[in-house]
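Okay, so subunit A shows up in both of these, paired with subunit B first and subunit C after.
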Partner chain A sequence: MLVHSRAGRRAVQVLFLVLFVPLFAVPLLVVLAASFATHWSGVLPSGPTVAHYRAAGRGEALQALTTSLVTALTASLVALTVGTWAALAAAALPRRWRRVLDALFVLPVAVPSVVVGLAVLVAFSQPPMLLNGTRWIVIAAHTVLVTAFAHQSVSAAVVRLDPAYEQAAASLGATPGQVLWRVRLPLLLPSLTAAAGLCFALSMGELSATMMLYPPDWTPLPVLIYAATDRGALFAGSALAVVLMTATLLVLLVVSRLRTKASYR
Partner chain B sequence: MTRAPAAGQIEPRAGQLMPQAEQFEPRAGRLRSRAGRLLWALPPVALLAVFFLHPLYLVVQQSFRPDTGGTSLRPYADVLASTAFREALWTTVWLAMASTAGCLVLGFVLALVIAFVPFPGAKTVARFVDVFLSFPSFLITLALLFVYGTVGMANGAWTDVTGAAEGPFRFLTTPWGVLLAEVTYFTPFVMRPLLAAFSQLDTAQLEAASSLGARAPRIVRQVILPEALPALAAGGSLVLVLCLNEFGIVLFTGAKGVTTLPMLVYSKAILESDYPGACVIAVVNVLISVGLYGLYRVVSRRAGA
Partner chain C sequence: MGIRFDGVTVAYDGNVVLDHLDLSVGTGEVMALLGPSGSGKTTALRAVAGFVRPAAGRVYLGDRDVTDLPPYRRGIGMVVQQYALFPHLRVEDNVAFGLKARRVAKPEIRARVAEALEMTGMAAYARRHPRELSGGQQQRVAIARALAIRPGVLLLDEPLSALDARLRSDMLGELARLHRELPDVTILYVTHDQVEALTLADRIAVMNEARVQACGTPRELYRAPANAFTASFVGNANLLPVTVARDGVVFAGAELRTAAAGAPAGARATLCIRPHLVGLGDGPNRLEGTVTEIQWRGATSRLYVDVRGHRVMADLGELREPPAHGETVDLHFAPQDAVLLTAGVTDD
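Up next is the complex of A and B:
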């Protein structure tokens, strides 16, 4: 306890609320309120309606939601596989090589995602791999971007693994494959699910690389939200944003339930 | 030679660890050759090379190839001489630095209150911060459009109260709007490592300082701040890099007056189809960001984060 007097504590808490509520709580509430409105010219929105949600549940918007979900799921699964593989392989390497591998895999975090988009666009607009104009170019870019995060969080967990378990398993005659599948991966499960949630959330909200790459028939939800706000349809855009947030949170909730189950096993 | 074990190779039943004296092979998994281990690391690296490293190399290559043909420094000369680029570079750098400073101050104050002046619901607030991190950045700009936009909440309140035709808040399409959005969005990135660091701080230190007569500001300055410095450094440099690379917030602001380097890459490549120019800006942006990110890694490793 830093502040002992009751008045002082009250003052600090009021300061906290004055900073926290307008900056963090209000923006999310405002988007939620706007998604149910048609006008906002006073303090509060007016013209309550659910028409934006009805529009968000069909046609282009529904397709964008499935596009986003499919992209995020594919990208997360591939990123998790590649990132975990790289983290496990790096852990077995000598120190110098491990550093090189780690540096290579975190590079996409530091490179601006717009540049990742540009690079993927430049590379896959020419033979031998002509992906431009297909959905695969979007999925490839998302995978590159989130693999870095998957690798980072899994390799942090690999370092903390107690080697006694795998040594015990190996000394009892388990093959390297069995050690991996029955000992190391189950021990890593909590961090794997955490990484999966992170990758999914990032991919669902990814806009920068997507704006460089998306073909007309594979428009993820963030692009559609941008298109809506760009043409002035702010209220329809908010409804789409709420759909995006809800979908992300629902998947994260499922993933975190998996995680608590895994950690109690 | 070792191969990656495919899932199908391990039969569920055979996977049970049977202690058999004859098969006793201590550390069977460790006796692989060095070459074998390197080979193990090859598939993910190959994928990274095809989908990231080689494309990045192509960007660098393209930045030396003007549309007129041949290989030259022409694109660099053109871009570096243009005022649009210089303005974008300056805007990017000062916005990122100002946002980082704002995030550090705000994040420190908020984390301090959550950790050391706890109130009912502080845990919920800490969890809310985590949720906040999983939302895309452009949502903040979208929200600010309703709060401070030309017909938003703040201006609406002003016109209601004063009866004026227009409200006074029109900073949203200026760099200040981007600054506000970036500070809002990135402050949780500073708060998270700080809260982690504060949770490891022994409160006995605070009690001791307090019982020796130190008041709250002095405790913050002399006990808490030194402990928080590594987390502040790590969080701050991460936010600096993320701000340099931020695109969604600037795009949603829709201001013609605010152009940052990522925005310039986008408009050159997609709107003007000037790929060599876009690649030059991309190279500059990557050099700045990767340099700073390298610094971040060194700092956070030293801090043990």
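Up next is the complex of A and C:
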């Protein structure tokens, strides 16, 4: 333990609370409180109501939630597949090529997401690759953005994978395909689910690239929240934010249950 | 199924780790590759398994040239030091892995898994996961998994190094029993532990610096080592620099009688005497020296004696009056117990 004396430990705990609570917890609590309010002129919000949630549960808002969920699920599944494939392939490459491949996949993280959005917009606005105006351009941009994270976390796990397992499997007569499906992927499962959760959460909250790309019939929830606050409907926007947060957390919770089941050590 | 190395050379980035290995292992034979780390012994095993590709030479299993065959088509059982049991599979599924990969019929898989677990005494643990087993139990499962595919060749790579001393000696007995039950399985056993090699092997290939230094039965290597490295790596040895004389050798100015030298008088050589063959007190081939250290080891005592600047070790049985530190003592050895090594003599 880093701090030994009881008083010292107490002081560190207090410092942590002082720093953490205002920065992380309070803003979220404010959003939660605001989502139930009609006015907020004093210290506390007033005029408690659930009208914002009722509005969030139907029409445009409900459709935006579905849009976000479908986009995030599709993007993270594609990202996971592509990222894992690339990570496994990179592991078999000579060191120099592996570096090149890693750099390519990190590019969307290094580049601001607005730029990624613009790039995707420009690239797919002309035939034969005309995606502009369809939902696919949003999903494509999200996939590009989150694949970087999937690739990174899976390739970190692939490097740590003990080659003794693959070799034991090969010596027992397993073909490379059998080794992949019956040994390597099951052993990577904890990292795969972690990567999936990360991709999903990132995609659910993605705004900047989405803003440049979304067609009228494919509006994800963050865009709707931005639009609501932009026109001054702060309380309605707060309710939407809470819905977004809850939906994301619920999916992450399910994924983390999978993860505990999938960890062996 | 026998194993044959025909001039096998392996190099990593231009660094030769196995230099022109020629070695034949007969069907049902246990061959130990004994050597320090970096001697090329594990590389030789991995060349048989197919995990390293020789830069030159061929590897044969039986009559079949397997040099260009991928590991999964060689039909070899392998057990490694860290067990490498699949953590996500139960014991029975670990053992069934190789059979499923070969698409063996289900009822037969069940029978052969049961047989392999029975043979290694792990039948009661079939439903457990590897993490729920001790190191020794995991090693038994690893052996069962390798044997379930009924390999003609079993490769054991330091299989007992991760176990504690007591368990290691138990497992040595187990391995010897398994080999008696499966006399047709050829075993290549890589180890740095001379006791494991002496106990289990029909023949030992002593390796150092990418080459085989000596190859023979444990008795041959122990009684008549071909060179100083073999003498010191297989059992303990006093290695004394001597000059060959007409009927004996000269060691530090004193004449000693030995068996026929087979070398011209005046040649430099190394005299090898096992510590337990050195006696205390006067006798033939007397060596006078000062005791520098005494180590009591229960059944024996090891004496370190400085004889004219050379350290001589003697393993003695129960001593009624052990010599004191710094005391001058006489040591002796029978002429027929000394082996004269004329190959690879260094100046020291």
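Everything below uses one rule, namely that the second predicted complex is superposed on the first by the 248 of 265 C-alpha atoms of A that agree within 3 Å, B and C clash if a C-alpha of one lies under 4 Å from a C-alpha of the other, contacts with A are read in each partner's own complex, and residues count from 1 in each chain.
Rule of thumb we're sticking to: contacts are C-beta pairs under 8 Å (C-beta built on N, C-alpha and C of every residue); 3 or more make two chains touch, one makes a residue touch a chain.
Quick caveat: nothing in here was measured; it's all calculated off a predicted structure.
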item: Touched partner set for A:50, first subunit B, second subunit C, both or neither; value: neither
item: Which of subunit B and subunit C A:187 touches, first, second, both or neither; value: second
item: First, second, both or neither for A:101, with subunit B first and subunit C second; value: first
item: Contacts of A:171 with subunit B and subunit C, given as first, second, both or neither; value: both
item: Dominant contact partner of subunit A by residue count, subunit C or subunit B; value: B
item: First, second, both or neither for A:62, with subunit B first and subunit C second; value: neither
item: Which of subunit B and subunit C A:159 touches, first, second, both or neither; value: neither
item: Contacts of A:254 with subunit B and subunit C, given as first, second, both or neither; value: neither
item: Which of subunit B and subunit C A:42 touches, first, second, both or neither; value: first
item: Residues of subunit A contacting subunit B in one complex and subunit C in the other; value: 167, 169-176, 178, 182
item: Interfacial residue positions of subunit C with respect to subunit A in the complex; value: 49-51, 70-78, 80, 82, 84-88, 97-98, 101-102, 129, 131, 145-146, 149, 155
item: Partner subunit C, residues of subunit A touching it in the complex; value: 162, 164-165, 167-176, 178, 182-183, 186-187, 189, 264-265
item: Complex contacts: residues of subunit B adjacent to subunit A; value: 2, 4-5, 7, 9-10, 14-15, 17-20, 23-30, 32, 34, 37-38, 40-41, 43-45, 47-48, 51-56, 58-59, 62, 106, 109-110, 112-114, 116-117, 119, 125, 128-129, 131-132, 134-140, 142-147, 151-153, 156-157, 160, 183-184, 187-188, 203, 206, 210, 216, 219-220, 241, 244-245, 247-248, 251-252, 254, 261-262, 265-266, 269-270, 275, 278-279, 282, 285-286, 289-290, 292-294, 297
item: Interface residues, subunit A side, partner subunit B - complex; value: 1-4, 8-9, 12-13, 15-16, 19-20, 23-28, 30-31, 33-34, 40-45, 82-83, 85-86, 89-90, 92-94, 97, 101, 104-116, 118-124, 140, 143-144, 147, 166-167, 169-182, 197-198, 201, 204-208, 211-212, 222, 225-226, 229-230, 234, 237-238, 241, 244-245, 248-249, 252
